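A quick write-up on the structure given underneath.
Chains here go by letter, A, B, C and D, matching the order in which they are written, and residues are numbered from 1 within each.
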Amino acid sequence: MRSIVTAMPLEAILTVAAGLFCIGLFGALSRRNIVGILMGVELMLNAVNINMIAFWRYLEPANTSGLIFAIIAITVAAAEAAVGLAMVIAVYRTRLTINADEVDTLRG
Amino acid sequence: METYLNQTGGVPWLSLLIFLPLIGAVLAAITSEGRDGRVQKWGTFALSLAPLGIAIFLAATYTGGTTDDGRQQVYQFGERLQWITVLNAWYMLGLDGISLPLVLLTTLMTPIAILASFNVRELPRYFLALILLMETAMLGVFLALDFILFFIFWEVSLIPGFFLISSWGRAVERRRYAAFKFFVYTMAGSVGMLLAFEFFYLATRAAGRGTFDIVELTRLAQGLPVQGIQGDLGQLVFAYMQQLGVVNVLGGSANFYMGALFLAIFVALAVKLAVWPFHTWLPDAYAEAPTPASMLIAGVLTKMGAFAMLRLMLPIFPEQMRQAAFVLGFFAFMSIIVGAWVAYNIARVPFRREGKLNDVKRLISYLSINHMGYVMLAIAAAGAETGDLNTRAIAINGAVMQMFAHGLSTSALFFLAGSLAERTGSYELTAFGGLRMIAPIFAALTGIAMFANLGLPGLAGFVGEFFIFRGTWPALTLWTILSMLGLVISALALLLMFQRIFSGPVNERLRGLPDISLREWSVLLPLLALLIVFGVYPLPLMQIANETALAVVRFFSGA
Amino acid sequence: MQFSFFPDVLKILPELMLTLLALMVVIFDLFSGDASEEQRFADAASTTALGLALVFILVVLQGGYIVNRFITPADLDPTTGGIGGFFSNIFRNLQVVTDPTPGPNGVPGNVLLNGAFVIDDLTMLSRLLFIVAAFVTALLTRDYASTANPAEFFGLLLFGTIGMNLMAGAGEMITAYLALELTSVSLYIMAGYFKGDLRSSEAGIKYYIFGALSSGVLLYGLSLWYGYAAYNQIENPTTFAAVRNVITNGGEASNLLYVAVVFIIAGMGYKVAVVPFHSWSPDVYQGAPTPVTAFLSTASKTAGFVLLYRVLVTGFAPMAGSAVLSDFGGWTSLLALIAFVTMTYGNLAALRQTNTKRLLAYSSIAHAGFLLLGLIATFVPGQTEDFSQFGVPSLLYYLVTYTFTNLGAFGVLAAISRVVGGDDLSDLNGLYKRNLGLAVLMAVFVLSLAGIPPLSGFFAKFMVFQAAWESGAVWLVVAAVLNTVISLYFYLRVLKHMFMTDPSAEARIPVPFGTRMSLVVSAILVLVLGLTPSFFLPAINAVTQTAAR
Amino acid sequence: MNLIPAGMLPNLPYLTFIWGVMLLGAIIIAFLPASAKNAIRWTSTVVSFISLVLSLLVYLAYDPNGPTFQFVEQANWVPAFGISYFLGADGISIAMLVLNGFVIFTGSLISWNIENRTKEYFVLLLILVVGVYGVFVSLDLFLFFVFYELAVLPMYLLIGIWGSTRKEYGAMKLTLYLMVGSAFIIVGMLAVYFGSGLRTFNMIDLANFRPGFTARFQYAFFMPMFVGFAILAGMFPFHTWSPTGHVAAPTAVSMLHAGVLMKLGAFGCLRAAIWLMPEGAQMWAPVIITLTLLNVVYGAYIAMAQRDFKYVIGYSSVSHMGLVVMGLAALNSISINGAVLQMVAHGVMTALFFAVVGRMIYDRTHTRQLPELGGLAQVFPFAAFLFIIGGLSSMGMPGTAGFYAEFNIFMGVWARFPLVAILAGIAIPITAAYILRVIRQVFFGEVRNPHFWELPKLTWQEKTSGVILATLVILLGIFPDLIHPMIDSSVAPVVQRLDAARQTLATVGNPVLGEFPGLEVQGGQ
């Protein structure tokens, strides 16, 4: 069986992950909508997960660290997103906007 | 080693002399002022008689004497106490023949000045305190034998002068300016002297033992032995300059560096003595000062300059004096002529300009410059190369005599001018006229003072001038001859002044002025009497001065 | 996998106790019945504070701070019997004696779970700090203002503390990440806890956005790091020390590692708020409830630094390089640049602030720069295994000092804004008239931040300078010293408002007992730490001794 | 002076007592109720008096022929970093202690009229003095610095709260300038600490270790250390804080500040910079002395142009402190002696100045503009008298402390930088001119404002402190032997080091300016 390991070099996967990371970072930094920012962050985390899995699968498939790391990262990201969305709602309730530019009472 | 300082084992007479007036000053200043300060006035007067008594006692018991083959005069009534250990400065006092006449003059002038200030109304206690403080300072200068001590008194004398002029002087604005000028001018002049002596200290320190002892420095300059320091002062200075590396940069010889130091000291003393062209502070200061202060400043304070020349310059810089004698003679000549000429113009040209120009006190001030010029001339001659020992000694004697006589006569004139202004409210020459008719005795006394001042034979002024010209003739013939002109001009100035005040048509405004009062008598009598006495019989004074003068002069000749 | 249950549980007893405490606080609240909101709030706060105090004592005992220093072995001899013997057994059993021999992966101290968690003096000391910070925060919050669901707030505080404890002891990537997230998530919520307050929720959301972003960056760095470890086929590839050993034992430091270290520093940089990853901090500090700000600026930052220390010093030691200008390279020089920019920017930006909390926020940024100096100076340049005499102690001493000082400063602000209703500089006007004691306390804290002797802030700065100088970063020391002068300007402005301007209102500012006590204790600690640093230095030096192996 | 022979005094930590009693005073006052103003004032006065007596005791018991540092106390403080609590006094320190004792005692008396926030004022004042005393006796560089900072910081509050005329600006400027100085000092301290390899702050060890700091090291780190302290001494071009600070400060603070605190700077220059790095001192001397020349002349010149009474005094302080630093920079025995003497002299006289100007004049008339004053000698003859005494000392009138000090400085500078001595001489008449101008404008002439006659009379506290200070001015001028031999004996070892350094340098060469023949001469020790 032609495994994925021989079909595709590790570098290719890493590049995809890096690209994904960059897109996520760009999105997080450029979006005005808070939900949009959160989505960008999720993309970044997914890039990380791809990295982890790829490293694990290509370099030390016998071990489990990478796998566990990825699973934990996914879990934590989910929890984090939940908290984030809750806060977005809290902000929306008081201000009726989730545009980051308009959440700007704190300046100086 | 210190055989030249004859220490008193018992009573510290000289300290007493110096500090009695200081105590008086403090007492006068801190006691409360009763009715127009009568207590202070009489008290300070009485107290100021004590130094006079001491001075007379010292004069009477003064013995003189020399050591080192007559080249070093012995200082009598010496006192020597350790004072500043780190700098090796001593509290050292001594009396010699040059200082004794001046001490006498100071102690004499002070009670007279106090008498003259009996009519001071504004805060008399401070006024009197300042007069006594000035006496302390002047006596200190005449008696100190250590440079730091000397310098303290030298500069402290400015303080009372400054306050007397600025607070009790004549016109408010001008007196402040005058006092300011007096102070800053003379103080700035002293900086050079200070630096020079610091340099001597450093040089002697490098040679073994730093010293501020004036006598030791003069001995070094003369090649006389001094304990702990080897060599001649000029050589020490040069050696030190070499050690510093200055010689590498500037080059030069011992004479060059001594010349520079000489210059520094000369400027300081010339300012004090008001030698042309350093004289400009003097007319302002004298003219603006209150009468008693004018008397003391003109009578004694400026003599400090001449005294210091005799005490410091002549013995320490014989070589430089010799070289500079001609130039110094020129300065002296200029003082004589400029002083006389300005005075003459003040007297001659009435109404020339509103304000200060035709002012009696300014006239007398310029005459002071003129008279101090003679003293300067004598000192220059004493330092000059030509001329034998005796002539030069005579010049010094003349200088001492002139100082004494001028002190008496000029203060009498200032006092008379002050009395006049008190009566008329004016110092303007043109404001008077025909006073002879109204106040004949006043006119007569002014005449005596005036003639004493211009050197009429039979009065003390003549003795001084005579000896001066006699002494300066061989050494500085040119300047002596030219300076004779000054005699004529100054005489003209005085006579014109006399004429404008006392002769001519009677100024109607002045009618009914009182003639001389008892207080004025008491001030003038001793002054005029002494002028006459010493004019007729100068011997006691001359004798005292002569021995020292000879010793001073022997330095030069190396005999 | 060796796992001996009882001793290991003992070693993480504080964390377990804290978890228990958090649960207790939340559960007790459920049974509060119809008590008023204030009452519930106060109860929860008191329970938290009491619990934290007990845990504190536990940690002190465990850390050997009492036993080793004040009780001689003879006192503890069980054979002598009596009370001493009785207690000595308890002490012994409780105490986590730092193991002087390196653990299985070369990590010093007691290593649990294959290097996932490290218990050494650094962990013990950090625990103490976090617990004290949480304790003070609880006291401050109790007096600050009440809110709905009080128990959850304190629960979050405790969970945050647990997260920090874990951060401090993290010896492995996954633990580190988890601990970091536990801390962060708790703090996000705490910052935005006062929902009615516009600013509070805004602060929460901002903190959250930046935090999430930064953990993404950090995680990416960790993933690359893990990739390197995986490539080298080592056991426990996520353990810091294991990765380090690869290079130490002759492995090649690939470029991947350099990328990783940059990402990690960037991710952690957010946490500790260094320029250019600082922009969240002024807004969050200003917007968050003041006691939370106090907690954020002290415990959270300390935890961040300790973790940074663990990651960089344990994991990347061979790539340290040096901060000497002529010999640039390695993460040390990167940190040096960041330190320089951070303190300069922080101080300059603080100059024109009109809000005290913002001002202190910028000052915190600047302090992060100073703290980096200590981190930079960990190694003597050129010798990665040779620890500097001053580096770690200076970092820790600074952290301790900074924690107490900032807690105090924010505590004073909390006490003031509780009454005055604002925290602008002008709200401090004439404080001396309204409460002299408070003004003096604030002066002590502010001057300690400015580094004026004999307050501990001075000694801390001095030690950091000393350390940086020893490591050769003289240029950085000069810059830092000059920065201290700049900082003085705005610190003095605080003093000016307190002492030199007339108050806008005359009413006295009352300070509740709990707040007062915590402030006074902080102030005394600030003073005592400054006057007798020797008293605390052995504990701090112990950290070097373990870490140095 | 050694009037109290060894063994007569019980062996106690006198130096600690001296600063400790001030701290104790501060603590006592902190616990007194704010309304008990008289109790507060008395406490402050009494503790200042005790410290004065203690420092006089130390002064009398110091043996100039004994070891340089006496009354030594040493205890560990932070042994891990080589920091110890190490006190000791030499002749220079003792002169400074006594000076400080007098200034704080009179300052306490002068502060009697502080009604606003009396308690805080005295607490801060006493804390400041703790720092000042501490600096003078510290032999550990770290301790030295701690005390130094302790002395500097209370100034900010003292000026900012109780000052006048742009007080906040003045206070801030002063503090920031001095802190820049501290920054330099920290750099210097660290350099010394690591450069010696000893890992100690013990100054005696640092001064005496072999082979000593390399010339290159001293070249690099002498200046930071020196300039750091010299900023506090008001060295050009870092002097501008001083006049504004003085003008803004309340009277007693001005007294302490100009009187003692600026001396901390000069003292630090001598103790921490010159003593520890003599070769560095030798290298940089021409540069420093040129700057101080500007200080002296420019300060005097600017003082001349001022219309504000306190500014005159402020700039005169700049000028006079310039002389101190000049004396230090000339690096020979006479000049350093002179510098120390000038510290004492200037301390006393400037305290007197500020007592008169700030307390007796400004607090009553509420104006310091020279044209608005006038004729005050008639209203307050005693104040005029005191000011004149101070003024005479300031202008270097022989017979006052100022003269004797300047005399030594000029002589010392003369021996090494003749050109500088001559140029600096210009300042003497300028000083005389501005002092006389002030005396004339303020005290003489017509009473400018009739309301002056209704001003309150001088109080006994003012008179007492005035008399004490004026007496000292005269006493030290006429009997310099009171302190000079003691100072001299302590300067000698420093000069020995300096001379040795000069020898070394002659072989190494001076990297700063090479040879500078026009300015500096070779000999002259």
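The rule we apply is simple: a residue touches a chain if its C-beta (ideal position, glycine included) is under 8 Å from a C-beta of that chain, and two chains touch if they have at least 3 such contacts.
The structure presented is a predicted model; accordingly, all values stated were derived computationally and were not measured.
More contacting C-beta pairs link the chains of A-C than the other of the two pairs A-C and C-D.
Centre-to-centre spacing of chain A and chain D amounts to 65 Å, using the average Cα coordinate of each chain.
Averaged C-alpha coordinates put the centre of chain A at 27 Å from the centre of chain C.
Rounded to whole angstrom, the centroid-to-centroid distance between chain C and chain D, based on C-alpha atoms, equals 43 Å.
Measuring from the averaged C-alpha position of chain B to that of chain D gives a distance of 41 Å. Viewed as a network of touching protein chains, the structure reduces to a simple linear path. All chain pairs that touch, listed by label, are A-C, B-D, C-D.
Only residues 173-174, 177-178, 181, 184-185, 188-189, 192, 195-196, 198-199, 201-206, 208-209, 212-213, 215-217, 219-220, 222-224, 226-227, 230-231, 233, 236-238, 282-283, 286-287, 353-355, 358 of chain C touch chain A when the two sit together in their complex.
Chain contact summary for the complex, chain D toward chain C: residues 76-81, 117, 120, 142, 145-146, 149-150, 153, 156-157, 160-161, 167-168, 171-172, 175-176, 179-180, 182-184, 186-187, 190-191, 193-194.
Here chain B touches chain D in the complex through residues 82-87, 148, 151-156, 158-159, 162, 166-167, 172, 176, 179-180, 183-184, 187-188, 191, 194-195, 198-199, 201-202, 206, 240, 243-246, 248-249, going by the rule given at the top. Residues 334, 337, 377, 392, 395, 397-399, 403-404, 407-408, 410-411, 414-416, 418, 421-422, 425, 428-429, 432-433, 436-437, 440, 444-446, 478-481, 484-485, 488, 517-518, 521-524 of chain D are the ones touching chain B in the complex. Per the touch definition, chain C reaches chain D in the complex via residues 390, 432, 436, 447, 452-454, 458, 462-463, 465-466, 469-470, 477-478, 481-482, 484-485, 488-489, 492, 495-496, 499-500, 533-534, 537, 541.
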